[in-house]
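Chain lettering (A, B, C, D, E, F, G and H) follows the sequence in which the chains are written, and residue indices restart at 1 in each chain.
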Amino acid sequence: MDREKLIGLLESYREGRIEIEEVINSLKSLPFEDLGFALIDSHRAIRKGYPEVVYCKGKSIDQITEILQKMADGHSTILATKADRNIYESVKKTIPGSQFNETSGMILIGRRGEIITESSVLIVTAGTSDIPVAEEAAFTAETMGNNVERLYDAGVAGIHRLFGNVKKVFDAGVIVVVAGMDGALPSIIGGITDRPVIAVPTSTGYGSSFGGLSALLTMLNTCSPGVVTVNIDNGFGAGYFAGMINRQTARP
Amino acid sequence: MDREKLIGLLESYREGRIEIEEVINSLKSLPFEDLGFALIDSHRAIRKGYPEVVYCKGKSIDQITEILQKMADGHSTILATKADRNIYESVKKTIPGSQFNETSGMILIGRRGEIITESSVLIVTAGTSDIPVAEEAAFTAETMGNNVERLYDAGVAGIHRLFGNVKKVFDAGVIVVVAGMDGALPSIIGGITDRPVIAVPTSTGYGSSFGGLSALLTMLNTCSPGVVTVNIDNGFGAGYFAGMINRQTARP
Amino acid sequence: MDREKLIGLLESYREGRIEIEEVINSLKSLPFEDLGFALIDSHRAIRKGYPEVVYCKGKSIDQITEILQKMADGHSTILATKADRNIYESVKKTIPGSQFNETSGMILIGRRGEIITESSVLIVTAGTSDIPVAEEAAFTAETMGNNVERLYDAGVAGIHRLFGNVKKVFDAGVIVVVAGMDGALPSIIGGITDRPVIAVPTSTGYGSSFGGLSALLTMLNTCSPGVVTVNIDNGFGAGYFAGMINRQTARP
Amino acid sequence: MDREKLIGLLESYREGRIEIEEVINSLKSLPFEDLGFALIDSHRAIRKGYPEVVYCKGKSIDQITEILQKMADGHSTILATKADRNIYESVKKTIPGSQFNETSGMILIGRRGEIITESSVLIVTAGTSDIPVAEEAAFTAETMGNNVERLYDAGVAGIHRLFGNVKKVFDAGVIVVVAGMDGALPSIIGGITDRPVIAVPTSTGYGSSFGGLSALLTMLNTCSPGVVTVNIDNGFGAGYFAGMINRQTARP
Amino acid sequence: MDREKLIGLLESYREGRIEIEEVINSLKSLPFEDLGFALIDSHRAIRKGYPEVVYCKGKSIDQITEILQKMADGHSTILATKADRNIYESVKKTIPGSQFNETSGMILIGRRGEIITESSVLIVTAGTSDIPVAEEAAFTAETMGNNVERLYDAGVAGIHRLFGNVKKVFDAGVIVVVAGMDGALPSIIGGITDRPVIAVPTSTGYGSSFGGLSALLTMLNTCSPGVVTVNIDNGFGAGYFAGMINRQTARP
Amino acid sequence: MDREKLIGLLESYREGRIEIEEVINSLKSLPFEDLGFALIDSHRAIRKGYPEVVYCKGKSIDQITEILQKMADGHSTILATKADRNIYESVKKTIPGSQFNETSGMILIGRRGEIITESSVLIVTAGTSDIPVAEEAAFTAETMGNNVERLYDAGVAGIHRLFGNVKKVFDAGVIVVVAGMDGALPSIIGGITDRPVIAVPTSTGYGSSFGGLSALLTMLNTCSPGVVTVNIDNGFGAGYFAGMINRQTARP
Amino acid sequence: MDREKLIGLLESYREGRIEIEEVINSLKSLPFEDLGFALIDSHRAIRKGYPEVVYCKGKSIDQITEILQKMADGHSTILATKADRNIYESVKKTIPGSQFNETSGMILIGRRGEIITESSVLIVTAGTSDIPVAEEAAFTAETMGNNVERLYDAGVAGIHRLFGNVKKVFDAGVIVVVAGMDGALPSIIGGITDRPVIAVPTSTGYGSSFGGLSALLTMLNTCSPGVVTVNIDNGFGAGYFAGMINRQTARP
Amino acid sequence: MDREKLIGLLESYREGRIEIEEVINSLKSLPFEDLGFALIDSHRAIRKGYPEVVYCKGKSIDQITEILQKMADGHSTILATKADRNIYESVKKTIPGSQFNETSGMILIGRRGEIITESSVLIVTAGTSDIPVAEEAAFTAETMGNNVERLYDAGVAGIHRLFGNVKKVFDAGVIVVVAGMDGALPSIIGGITDRPVIAVPTSTGYGSSFGGLSALLTMLNTCSPGVVTVNIDNGFGAGYFAGMINRQTARP
């Protein structure tokens, strides 16, 4: 039911040509799609400042560019994940202000959210190979308007780096822990802090790491109750979730 | 927005106290849930005669009885699946007219749909152990108002029974094939008929049948294009789908 | 038993040299392969207009071309799936009238079936990366003589596009839903429509999507009873099944 | 280094018998275990009010009772998970004030945390069989001092219950979504809200649900960025995490 | 086409009322099922003496007894596998001559095949727990008319028993090797003999033996070329195959 | 114990310096490795005429050439599997008489075994993509001195080709069935013949065929008792086993 | 070649009836089985004091008792694993001196090995549920003559117990770490010690711990190089290996 | 607490401005990170001579070079694993003395440990393709100061090479067995020796070897108690563990 029909209906009622019951019944049977945007709009309003995301893998450069261009009209902030320099070169031509973060493979269109809390998101990695996924998380959280701290290479092989930076762990608002292979680091960090920990398994490793499955299972089976998990290599998801709850956090 | 508020809004408009723009804006921001039932109601209407289903596994007898009682008020036809005699005894006390089909472990509340087509659903099994799942499919399709034919024990070990009943296969409107172990039967039937085939893997078998997984994979990998698959032991789902498309079928 | 022997047998009987019992016994022991074609022929007749299919992956270009050439003599409509432009270039040389649909990677030889029903097949995708598989389904259904509607990018991230097109979903004769990653879309659509839904998992996604396994499992475990599943990325199978049942459907 | 040695060291220094450098070096080489409790103690202090947890499965009743008795001396709040009435009867004898929540199979020793925020944790289930796991989450969050709202049976089969309660979803501080079978519900809820969603797969279902694995994979592969996952049937973990972040949340 | 129609057709021809071409065409289009038994009958004849098999797991005692009774009329030799004493007690009442082999859980109806070769089937097990499956193989091969030798507990832990019986291994016509856990024994035996080896994985073991999967994979990946594999715990299949090829073997 | 020590021992005995008991005891404690070759030699003798095999995947061209050269000195017949033209070019230079079979990717060094039986090995494939693996089996059996028949493309999609060649199936001594995707063909053939069937799953197919796993499971779970299985794509193993038992077969 | 033939051979040589070359050739072709025991005997001698093991699961009480009785004649020390009190009651009757360790489910026949090193085996568990498997390791190592230390409940949830006992970890000769769920403990211990660590995954836990598979994968993927793994719940294997290398260890 | 604060605290105490209790309390709450290095340093000291390891896969050449350069300052011996010649060329420029072992893909920086025991590490492979992983183990053990023996190609296909070298197996201090495909070799060697065996599965093989998973499962399920396992292709881990326990071994 488009606007004209609705106006017609209401005017008919005002002019007494139809009864109030008939108006109500007509409204009840309004096609879902015409009023549905009420939900969508209010929903979108709440989300203002949060980035929309486009996942690049499995899409052609043309598709990505076209999608981003369309979205750039309606949204203030857009993130493209798992992108590479080729994709960026194409995007930059049609959306001049877009920025590229090479380590994380992310393209940012629009501006970052404002920082509204002193509380920071701490990103920890077990090893060097975990850094690209960690940077994806970091860049996402920063885009959403969060302070981000980093503590890299603090896994079992570099456990002294963790023990030497316990203060960082205690001071963080939310912690994202990125680890492949045995995936033990989130359990350890979850065991010594009361901050929420978001674990990200990575596909680093070989043999029975099975593309990150081993780390994923370890993290799901953690004995530390304050730990939740996202999908393998899903740095964006972890950063988004961490950024979301960090902004809502006011430490006592 | 409840009925009263809506009436108030419309009356205010009729009496000229508010402008038409205001009415439209109010309607647009109507809480989703107050108008959403438009979708639900019309949807339900279309489905009239189709059974609602309650899956009994993992629920206590008390929960099942309570759920069925509540549903029995609003729906004309309800099926409870994976039930046993104990559950039925409890249900019968509160819903006297309910019937129990022991082989399939199903309870029927309300009456069956009317048969509107001569076309029938043929249920085939590879072996004897597949019969309970097959009967679940058969009972479901019958409940929805379909003629059901049966051809049991027609798997590789009894392949002559299949070859001796090819006419049944050719005459069916839709075919449900229930098989465990190697799960090859749907491929064979799909290869000799142009009727839609719904394959149901069963958890029959031992060793590397892995609770039906082997049969499931076989069926998903069928080389016969007219074959689709439902979950392991999901006789209800197959019967429902078969019944649904059989009723919409008019053979040329 | 070849034709000559059969004629000899019948003539011996006519001339009274053998009894009718002997003829019947001889016929009973006729080698299977000599009469077997009765089955095949009648079977083929029923299928007239349906495409034969050649799956290109794992075959050399020479093999494909040779196979298609042989088939082109006997069949009116042939589809080659998972093909690319190189394959098409080779095929076109020997079968001039063949057509190539690049998005779906399909080659069509012969002509499409006639459209015999107003009812249409609706193809829905969750995301952009699912489009090639969706187009495979669409092209197959069209080849079989069906009207095809499309609703792309209507997954959770674009759920408003689904809600804004509910009428399309309600009007379809059969619905094919193509989705990777969480594979939740067929469950949602199955929950709001009474049309048959054929779910196609795709190998889109990363991490624990395991090449489509995650979406496949989701779809098999759907709580919506009117949903069946085909193999990962098997757009052809879904389109074929959908086209088959759509042609047999006359909506009340 | 025990207290006496430490006192001796310091007194030697005060009396001028050793240099300050020597004291520092001695302190540096203090056995880890003697000072380590600094970490543990301060850590524990921060966590005050949070429950300690004992997982009962795989432990004998005697072991559980003994463990709980020991812990009851040192901690103000203890939760035992996956317990049954037999375990509770034994525990109650030695720890009289303990309470039993039968639906969730949890024993509470000590008192609940104080509620410090109006913000509530919303627990949603897809089906009836998911309720015990949901109640585990609810009871845990309540124990930690959170308001808890419930919305049960709102899965695909009862999707109108979700659409009819969208306000509840919008008003929650944190949402825990418990679902088995296809596990699609967290994706749907994550798609319409900007609240953090913690997904809990359950082992409900049959066939290829594989004891909850299917739901777990669906949830990990969600397309909604604000969704994280805990282990199958781990209601405690979800409730703990939700309770933790809800207490730190101040909605704008 | 039933007998009467066929007689009618032939008589019409004899009486000159129809041409020979018409008879041939009618025969060609004879429904498959009427002549198909030609295949089945000749097929059955070749198999004379081979046992028919009924797999008992997943069937009720009544079903088993009924099936066996029906089969006992038409077949000279029937084996029921995975049976227990309860099943046998019921079977014995209706089929008095049936025999029960408790170790292998098999019921034999009818008599064993005659021994037609000196060549024997050797059954080897790695451990004691593998004996029931081994006896299933032994009993099957004996039923088919083969000499059977046994060499039990000759796995890695008792490898001296293998080395001390190498002559037995060299003298056998066919070898069945039954092993759980690491499943290494068929590889070893296949490496020192040129006799055909049929490997049977068993579900013995714990931990990552995964109900025999580990042994199955080992056997499939054997480096010894004369080794083939049957399903986990499928002693019947191995004994049947071994018995089949042993009977066809004449050693040079 | 080397030759010199053994001679010394025997001479001491001959000269009466030691008793016969001492000689026997010394012999009993002979180091295993000195006499062990007795086993190996006799073993090798029995195997005369059978090919040795070298698996090329994962080895460098230099390694393969060197290995083959060494073996060519001691063995009359050698097969290299999974080879390509590059490997063959290198091998041909050092072993001039070697032959290359391109379809199967096999190199033959030495001459084929003599044919000693009329009985033949029948190789059946379900599809065209299965031919390379089938040819590996065929070439191996031929090398061992067997007549080989072929029946290709006789799977479900070309089932009439199977039904039209049932005589071939009935006449074979041993049957190798090569199939990917649903892997149903060995079950069908096993159901209509009493000849031993060796099933070879191939990694053909897509989606949940999982590199041949689906076909492998189907074959292991076959309901036809005369079917055994080798590893995925292991044409050599199937051809070797088939050739081995065919040579030992004399049909009654 | 039996003793008599050997004597005859040697006497013929002594009497000059055969040449020394002939004796040597005859010895070379001695059937493997007659001299093979040379290997076995010397091998057994080296192993003196090490226990033989009988795995009870999957064996009947009668089988176990019979096996143990036979072994008790030839061996000084025997361990039966995964036993229960019923088994022990039966064993005790026939082998009076046997002892039962209830926690580990082990029966010891014969006496423990002597302790030959001060170095001890440290057994660590993550949780209480891991104790039975840990005690199996402890009892095995003690039986082999090792000092055993215990440190239980030192997992992530009780990490302060680990940090408070670091000296124990540093002082051990070999460390066995038993852990279920996330299986992270061996990585942590391997990261802070240079002692060999043997990791034992247990089937403790729920959800995606998959009967210990998750812990197993974690341990195999450890980043700490001094860690090796045994099968799930295989306390015996870990204790045996630890005991074996501890006895051979002399700390610098 | 930095050095200055600590000095201030101690001086305040010396000057009598604070009580000894206050000093102790302050020390107790010393931030963990300031004293933690006590643990790390002593730990490092013990490990002197053992190599640090850098895993190259998944790291860029620049990252590797930078990491190695940093480590080269502080450590005497560093190993980079899974490296190739390109990586080495870059490393050599900044760390001139570094050496490259091409077969194993390892770079050594610093010098090897001194050999302190006659006891040697024996590395056995089943086939030729296992050699790179075996050399990784060998090179690691040599770097740590161990004598290394090699016995290659001694798997089932070359079992005579094993039997002909039993003395090597008996003389070794520790044995590393590297095998792909069926992975049976460690079980066989573990069955004939009392030396510790470390099993390394490799990703050699095809079909259902699943990238080494089959061999891994075989090894974990070994019936030989003196066998432990490391991850697939983890030659470094096996060599490190073997080298570690060999250095601590003094054979009786």
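The criterion applied here is as follows: contacts are C-beta pairs under 8 Å (C-beta built on N, C-alpha and C of every residue); 3 or more make two chains touch, one makes a residue touch a chain.
In this text, all values refer to a predicted model and were calculated from it rather than measured experimentally.
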When every step has to jump to a touching chain, what is the lowest number of steps that links chain F to chain G? 1
For chain C and chain G, which third chains touch each of them? A, D, E, F
Looking at chain pairs A-B and B-F, which one is connected by more C-beta pairs in contact? B-F
Of the pairs A-B, A-C or D-G, which has an interface that repeats that of F-G (more than half of the contact pairs shared)? A-B
Distance-maximising chain from chain A - centres being C-alpha averages: E
Working from the CA atoms, figure out how many degrees chain D turns to land on chain G, in steps of 5. 90
Which is it for copies chain E and chain F: same residues on both faces, with over half shared, or different residues? same
Could you give the separation in Å between the centres of chain A and chain H, each centre being the mean of its C-alpha atoms? 38
Between chain A and chain F, what's the gap in Å when you average each chain's C-alpha atoms? 55
Between chain A and chain G, what distance separates the C-alpha centroids? Give it in angstrom. 50
Where does chain A touch two or more other chains at once, residue-wise? 31-32, 36-37, 39, 53, 127, 157, 166, 192, 205, 207-209, 213, 216, 220-221, 231-232
Touching pairs of chains, which are they? A-B, A-C, A-D, A-G, A-H, B-C, B-D, B-E, B-F, C-D, C-E, C-F, D-G, D-H, E-F, E-G, E-H, F-G, F-H, G-H
Tell me, which parts of chain E touch chain B in their complex? 31-33, 36-37, 39-40, 53, 55, 57-59, 63, 67, 82, 201, 203, 212-213, 216, 231-234
In their shared complex, chain B is touched by residues of chain C numbered 39, 43, 46-47, 50, 53, 116, 166, 170, 173, 192-194, 196, 198, 216, 220-221, 225-232, 236-238, 240-241, 244-245, 248-251
Would you mind writing out the residues of chain B in touch with chain A in their complex? 3, 6-7, 10-11, 13-14, 20, 23-24, 27-32, 35-39, 41-42
Chain B-facing residues of chain F, complex: 126-127, 155-157, 159, 181-184, 187-188, 190-192, 205, 207-210, 213-215, 217-224
What residues of chain C sit close enough to touch chain A in their complex? 127-129, 157, 160, 163-167, 204, 206-209
